[in-house]
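Paired with chain B in one complex and with chain C in the other, chain A is shared by the two complexes that follow.
Then we have the complex of A and B:
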């Protein structure tokens, strides 16, 4: 390391201050939303004059909220499964394959990460209009899969690169068919990468809003779309409650992902 | 009929010839080592036997039957790799049980065989351990148990000890010898370490640039190397460069830069009068003497340097034409302690220890 934190003297307090400010900058909006979801003012006043669970009752009493949460979950699960399967196949080709244009193919797979989402959204909208996929479950899954796949590929290629292919060769010489060797040896050995891919793919679909707004129809809406449309009509604290639940699931899954990573390094 | 026949194997990658007409017959229960520098084709040959690569030409026959059309996972061959290849998510016992599980053996038989395999490599009681919690030496023992548990007809070992430190390496070399004697398995062993090859093998095939230079027991390779490469690679040696003066039935006469002639040297390779050739002398097969030395098997030299190495001393000696050769004297040699820099002495040798190699 170029800098030793312990030897910085007074500067370490400055550094620590900057770190705290950064953390607040990132976390405060979420803290506000969570606080507002329990506040008893209709007008989203901060700090809330009193506390209540009313908005959560309203949220769970409204079938439209539950409906959209269920839609989100279904889409996210299907996206997760497809993203992991395609991510595995693509990663084997990208890591193990020896063919011309491998680097180009890898860059191509990762472009959805760099391309502005709104451009993908407009392009998909125009394309899906032609083939009649707008407002359908399939359309949603396809759109989210495009943005989830790069993350899946990054997680799985990362794990696969650190896995020595000689271990797979050893399994084959032990008598396992190459596919059996991959399923019983390689896959368990890179399971941490596969789990990360699954969690990230799920989360990307779960809280994606731009593509979802384009894909949504009055009968098929994901939770983030529901939050967005409700927000434009009516500034109710129910939105804060819904957002809090969205954040909660995300935090839980991120903790799971972190635990998996920690378990791996142990 | 040989047990394992590597029959004229040639392997070409693009425009690189990795192995060229490798021909070798191995007897059942033999410990055969492929010795050579990296890129000499020894590993490629091993991978072809394992079925990871297909030869461009040639055949591999086991008990007279070609195995080239059998995929790797059905060849029933055991292999220990250079790198650690234990399955990281399985315990030691599960690792060793893996080949038996994929063969759908029953539970009781698997348990019994695993226990015996772990006992063979002296890891009894460590079955529950995870590979990540084991030392490199232990991991390679487990890999050995895993490769032997299904009683393969041939065990391949691809530099299995190169990742270990010297002391551990010697310890496991002893274990490998013992296991070879106990099981009687036929072993093909790849290494670039001549000491390892000499210590372990029944026979050694010396590889160089995709070809086998010589096959023989350790003592054969040491005492009568067929090529300059083998002479250089197996044991220590000094080469004095000269010119072939003439060739007769009893050997060649070499002429050195100052006009010194040495007669009746066995000449290896395609020598011709006037062509360049090297005289090979091993430091421990030559002697120093203050007298005139053996007729026709000696050279006057000047001592350049004396290095004490414990049980032996190495003396650098300069020939009349300026080349330097090393002489090794064991502790207790009457001349040791008296030899000084600048002394004029004579090196002498037994006629059968001098070999000449024609240069191509």
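Then we have the complex of A and C:
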């Protein structure tokens, strides 16, 4: 009765009403930002008196925005590659390995995901000040890799668990070197997990704020750091323009992820 | 190498975990340990940092704010998430797909972009205040930013998906026959909800609530941008001590308290829900 939508009677409308309100609540800020970025009111009056591309011009006219976006992209790509490689190796160990304490090791690998990122940020900041990695590209990558790796491991172990090792064995029996079998048989079979790991890792690094605030230097800033420092001064519509482009990127990546999932189920 | 021909060698595979292990030891375990030792060594050895933190009204207010906001956020998200997850579990795949799309879109939209939107929406001349005034609910604009109300709204927005997803997982697995049985035995809809559906969904509610509560306790960005300096939460206190006051001992002590509370709640979650697949 309660698990059948058509038999809920008047309760149907209560549930549907709450769901619609929640959907509006979730969509409101996103739609609002996109509209705001084209509005011509510097004081963010809504609905705006007119429409303009001015904030996008200002965004692209200021080299610091592009520079920080470029820094973000470089860091995110390196984090993505390393996170997938380390995640693949660690996942093979966790799923196929025969050693004591696998469960403990898995829990340990996932800890950075559970701890508040502010603790990791402050700890790494102190550590990097000591060893001279603060404000460096390497420091950024190391910090983001720590928080991206758990997501990569979850995505890849999930895919690897559903793959039967006997198929890899068959390839070896047919004469493939064990590593060749892994690369040419197992890897394509778990590619959807690897792609999810890559997308997650990229997005985590690209969007990450708290670690970035601590790792940044005046000459090395990621896009979120630039947005953060601007936000602390004023709520200029240029940020709405930058945010709109970020929303666009999210939508594109979500579609890519959905296509990968669809390809897997086919 | 052939898994079915060879007896498994003990310790095999551990080598592949080594790169990740080394990375985490070097850039996670060592830095966090070094930080925590500073809480009892700076400015001089002893527990005085903890005494100050837990003994002064200023700092106790920070703890109070943190627990108050996290508790409210957890409660509000649970109240919204339960009916939504319920609907998701029983509605058509098409409608569920649309709702999931919206949930994932909001979840993956840049955190700063979302927080910026709420800063603009909630300000004195913002859309929310002007809409409330146009409808006639209020005469004067409400103060919705630079206080804990703004933080709560912004955090509910961020945490909703983390409550809906685990709840959906649990409700979807409930056998509709059980509720049919309740109806056949004469239970009204209200009774079936209270005595059958809610108890069956309780593990999902508890697990989602713990997760949201733990995440809220250590949250930094939203409280810092929507809360203002006079209504600090714990993560802001840590950052302020380290960045503005360069008081590493106090910052480290506050971080240690946050770490311990987080780990205790996480252990509780594992213990309560181990093996239930939530």
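Quick note on the criterion: the second predicted complex is superposed on the first by the 264 of 266 C-alpha atoms of A that agree within 3 Å, B and C clash if a C-alpha of one lies under 4 Å from a C-alpha of the other, contacts with A are read in each partner's own complex, and residues count from 1 in each chain.
The rule is simple: a contact is a pair of C-beta atoms (placed from the backbone, for glycine too) under 8 Å apart; a residue touches a chain by one contact, two chains touch by 3 or more.
Please read all numbers here as calculations on a predicted model, not as lab measurements.
Shared-chain residue A:166: touches chain B and chain C both. Contacts of A:189 after superposition on the shared chain: chain B is touched, whereas chain C is not. In the superposed model, C is the one of chain B and chain C that contacts more residues of chain A.
Looking at the shared chain after the overlay, A:99 reaches chain C, while chain B stays out of its contact range. Judged by the touch definition given at the top, the superposed model places A:176 against chain B, while chain C stays out of reach.
Contacts of A:29 after superposition: chain C is touched, whereas chain B is not reached. In the superposition on chain A, the residues of chain A touched by chain B in one structure and by chain C in the other are 166, 169, 172-173, 178. Within the complex formed with chain A, the chain B residues making contact are 50, 52, 72-79, 81-89, 98-99, 102-103, 143, 146-147, 150. Of all residues in chain A, only 1-5, 8-9, 11, 14-16, 18-19, 22-23, 25-30, 32-33, 36, 43-46, 85-87, 89-90, 92-94, 96-100, 105, 108-109, 111-112, 114-120, 122-127, 142-143, 145-146, 149, 153, 165-166, 169, 172-173, 178, 203, 207, 209-210, 214, 224, 227-228, 231, 235, 239-240, 242-243, 246-247, 250-251, 253-254 touch chain C in the complex they form.
By the touch rule above, chain C contacts chain A in their complex via residues 1-5, 8-21, 23-24, 27-28, 30-32, 34-35, 38, 80, 83-84, 86-92, 99, 101-106, 108-121, 123, 125-127, 157, 160, 174, 176, 179-180, 182-183, 189, 192-193, 196-197, 214-215, 217-221, 225, 235, 238-239, 242-243, 248, 251-252, 255, 258-259, 262-263, 266. Put simply, chain A touches chain B in their complex at residues 164, 166-167, 169-178, 180-181, 184-185, 188-189, 191.
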